[in-house]
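The first chain written gets the first letter, and so on, giving A, B and C; residue counts start at 1 in each chain.
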Amino acid sequence: MRRAVFLPALLLVLVWLALAGGRNWLGPVALVQGLLDRQDFLIYGLRLPRLLIAVGAGMALGMAGALMQGLTRNPLATPDIIGLTQGAGLGFAIALLMDLPLLAGAACGSALAVVCVALLAQGRGALAFVLFGIGIGATAAAATTVLLVLAPDAKAARAMIWLSGSLARADLATAGWVWLVLLAGGALVALRAHRLGLLWLGDDVMASLGVDLSRMRILVLGLVTALTAASTLAVGPIGFVAFVAAPLARAISGAEAPAIWPAALTGACLLVAADLMARLIAPVAVFPTGLVMGVIGAPYLIFFLWRDRQEAR
Amino acid sequence: MMTNSLFSIENLSLRLGGRQIYDGFSGALPNGGLTGIVGPNGCGKSTLLRCLAGVQQPDSGRIVFQGGPLAGLSAVERAQSMAYLPQNPPLVPDMSVAGLVAKGRTPWRKAFRPLSDADHDAIESALLATGLSDLRATRLSALSGGQRQRVWLALALAQDTPVILLDEPTAFLDLQHQLSLLRLLRQLADERQRSIVMVLHELTLAGRFCDHLLGLRDGQLICAGPAEQVITPDTVAALYDLQAEVARDPVFQKPVVYPRE
Amino acid sequence: MAPLRPLYMNLLLWSVFALALICALRFGTAQMSAEALLHGDAGLLSGRGFRALCAMTVGAALAVSGLMLQSLTGNPLADPGITGINAGAALMAVATAQFVPSASAGMVMVSAIAGAGLAGLALWLLAGGDAGLGSEGIALRLPLAGLAIEALCLSLAMMLILTDAQSQARYLHWISGAIPPVSRGEAVPLVTICGALGAGIFLCNRLALMTLGADQSHSLGRNPRVTISLTLALVTVLSGASVAIVGPIAFLGLLVPFVARGLAGPALRRAYGYCVPLGAAVLMASDVAGRVIVRPGEIDAGLILAMFGGLGLVMVLTRLLPRGAGVRS
């Protein structure tokens, strides 16, 4: 129980730091005053929208990762590794260039990616899912870059910032979309919490305990697609958050797999922390948040593989 | 078609992995008591059990469960009527024994509600029956293979269903635990009026504990009936290609198989 | 597919190479007729010629590097790009260029090779077997370890690039795999690659012997450890030098060896011979495509390859992982 409090507490601390920190550090009193004053530009114009997006997208990615890992019973099969974030990115880029609704584009992109991977990997064994996902993800990422290189300058500039995973242009409207999808998804997860808790027990046991397997798969994949699309819309294709969140959450809080809520909190913590670091380094060099997340997340994947290797020996 | 049968299988056909496992198979399992399904490996015993559990859909034919079509039940209704323990339960990420057993209550739980008193009672009862009450807080990774098998059994018991289907429940257990598990199942059948169907590979144990036996080979029903009548040298030869004697054991007067080769 | 005799296959592949070379010289960002090209600005032709030279050398190098890596690890998905070796080389190259501004092209190449070596070491630690080949668990660990190493090295490299406002544009271009249009000291890496390619042929026999198993290799007088070290050295030299010229390119070392081995059968030396013209042709073709498709703009060859390479990986996987593998019996 004590461990369960740790994650929310950590998130609150990070939220505080994110609002207080930056080029102008706000002490506690100044921060509270700023929050109370709706006209305060620093808080309401700059930091709060950015924070809202970071928390929302982080939670969405964390949840999507936990759900995907549970459905496939494979800690390596997360939206960022099997190409869903890249697919959402491609969908977003196409929608941007063709002046179509952006969230719909991102959602179609990630849906298409998951369908392709699922169809290709069917019947080929457990590894296939991840491997095909890597291939589809690489293709989508490259195609996205190519599209944006070809884009007319006006859109290209904004898209380039988004592509690198930057929250610099965060606005409340986008935050609103992310939170809408997050809350809807969260409600569904809460409704089906008991069944979702069975994910890691295997298809047979799940069926035996009264779960309609095909409906469960559609539910989970739908949630994962929507959550991935929403977060990619807001912060661009950011890797590693979805992959790291659930295992890290379980390590910190001891929660039982699939640990969907702890993963959401962990994802939010990671993204807020990465964004804070990016902002603090900004006077020296402008690093997009996605880059910072890569430098945090890649070593974790390395550590995971290393430990997995030690255990296999 | 017996109206008081637990399961009635009509014309079951199923093709899996490129092989025709069942082709127009028909049979029945009686209500009440312990029913064993025996036969050589790879003959489709597990597959039949999965069809009975509703986990595997046959290509054609139907299964009648307690007088009504099995396919007509919703997933939840089915889960509240029968529990199924597969042959190799997966390695789940670490959780406590009580945590895993509590999963067995899922078919009874409503959204947003915590575990009710009835849920807690069922879990306690299941832990007690499998002798795991002291280990309730232990992590699964700290248990032996046999203990973990008992946890899975406790999960099936916590589901509190009138029918329990078990696929080789004695697979990882040493002899002592095999016997205690089978004795437990015997007790559940006698005292709590559960119907238990199990796939067993050990013919002598099946003969000792089961009321009714079904012998399968290559998707064909070789023999069916009370255990004492079904285990004969002829049926052993038909099932396993084995020349054997069948005698009564001195303690329980149950059939024991003595291979002659 | 009936295998063609090696002679004819070589003729075919080198013809493909010649065709690609002609295209590389004939077509480009500037639209010109053939006559205008030949009689006109010699600078343009020689510029394209230099580009083609870089592309063919690097293409051959990466293809061979991938081939040797695949043979060494027994994993058909090994590729210096997606295993992070090229990314490691890129990181060291950028770091050297940033922190040692006076570094010569040769020095940058050496540090790129060192970077490739370090990345290769990390890969081995995370996913490699020991002296043996093709250990079971390598199948998934390798691409994932590669993904992690690649992500880490490229992120760090990007960070270094972003801190340098002046050369940023050039480096950003280079890091997406761009063939250099003008010579800036590429002579050293180019020569190194050629030398390595030539020397590498002699390694084929030893490596092929090793696939029989370490013990047999030993008894036939060839120490497997030496073979492994030499192969890794070859891979890192080829990758490092290539990255020093054109930046990190992925998928070339995955797809070309796959095709080459399909054509050559089990003969490693033959596959080696096929990789050279095929890899050269593919990279030249990608470069030309990038220049022609979006005139007057340009898409870097690395991006073109990444796009089709991802699809290529999917197709390779379709071949490698047959359906029915995961059906329960």
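The definition used in the following text is that a residue touches a chain if its C-beta (ideal position, glycine included) is under 8 Å from a C-beta of that chain, and two chains touch if they have at least 3 such contacts.
Computed from a prediction, not measured in an experiment: that's the story for all the values here.
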Message: Quick check on the contact network: minimum steps from chain A to chain B?
response: 1
Message: By mean C-alpha position, what chain is farthest away from chain A?
response: B
Query: Between which chains do we find the greatest number of C-beta pairs in contact?
result: A-C
Message: So the centre of each chain is just the mean of its C-alpha atoms; given that, what is the distance between chain A and chain B in Å?
response: 43
Message: Rounded to a whole Å, what is the gap between the Cα centroids of chain A and chain C?
response: 32
Averaged-CA centre spacing for the pair chain C and chain B, given as whole angstrom: 57
- line: Where chain B touches two or more other chains at once, the residues are none
- prompt: Which positions in chain A touch two or more other chains at once?
  reply: none
Query: Out of chain C, which residues touch more than one other chain, so two or more?
result: 324, 327
Field: Complex contacts: residues of chain A adjacent to chain B
entry: 73, 190-195, 197-198, 200-205, 207-212, 250, 256-257
Message: Which stretch or stretches of chain B touch chain A in the complex?
response: 50, 53-55, 74-80, 82-86, 89-90, 92-93, 95, 99, 103-104, 106-107, 109, 111-112, 155-156, 159
Sites on chain A touched by chain C in the complex: 76, 81, 120, 122-128, 130-132, 134-143, 145-146, 149-150, 239-240, 284-287, 291, 294-295, 297-299, 301-302, 305-306, 308-309, 312
- request: Would you mind writing out the residues of chain C in touch with chain A in their complex?
  value: 77, 82, 122, 125-127, 137, 139-141, 143-145, 147-149, 151-152, 154-156, 158-159, 162-163, 176, 250-251, 294, 297, 299, 303-304, 306-307, 309-311, 313-314, 317-318, 321-327
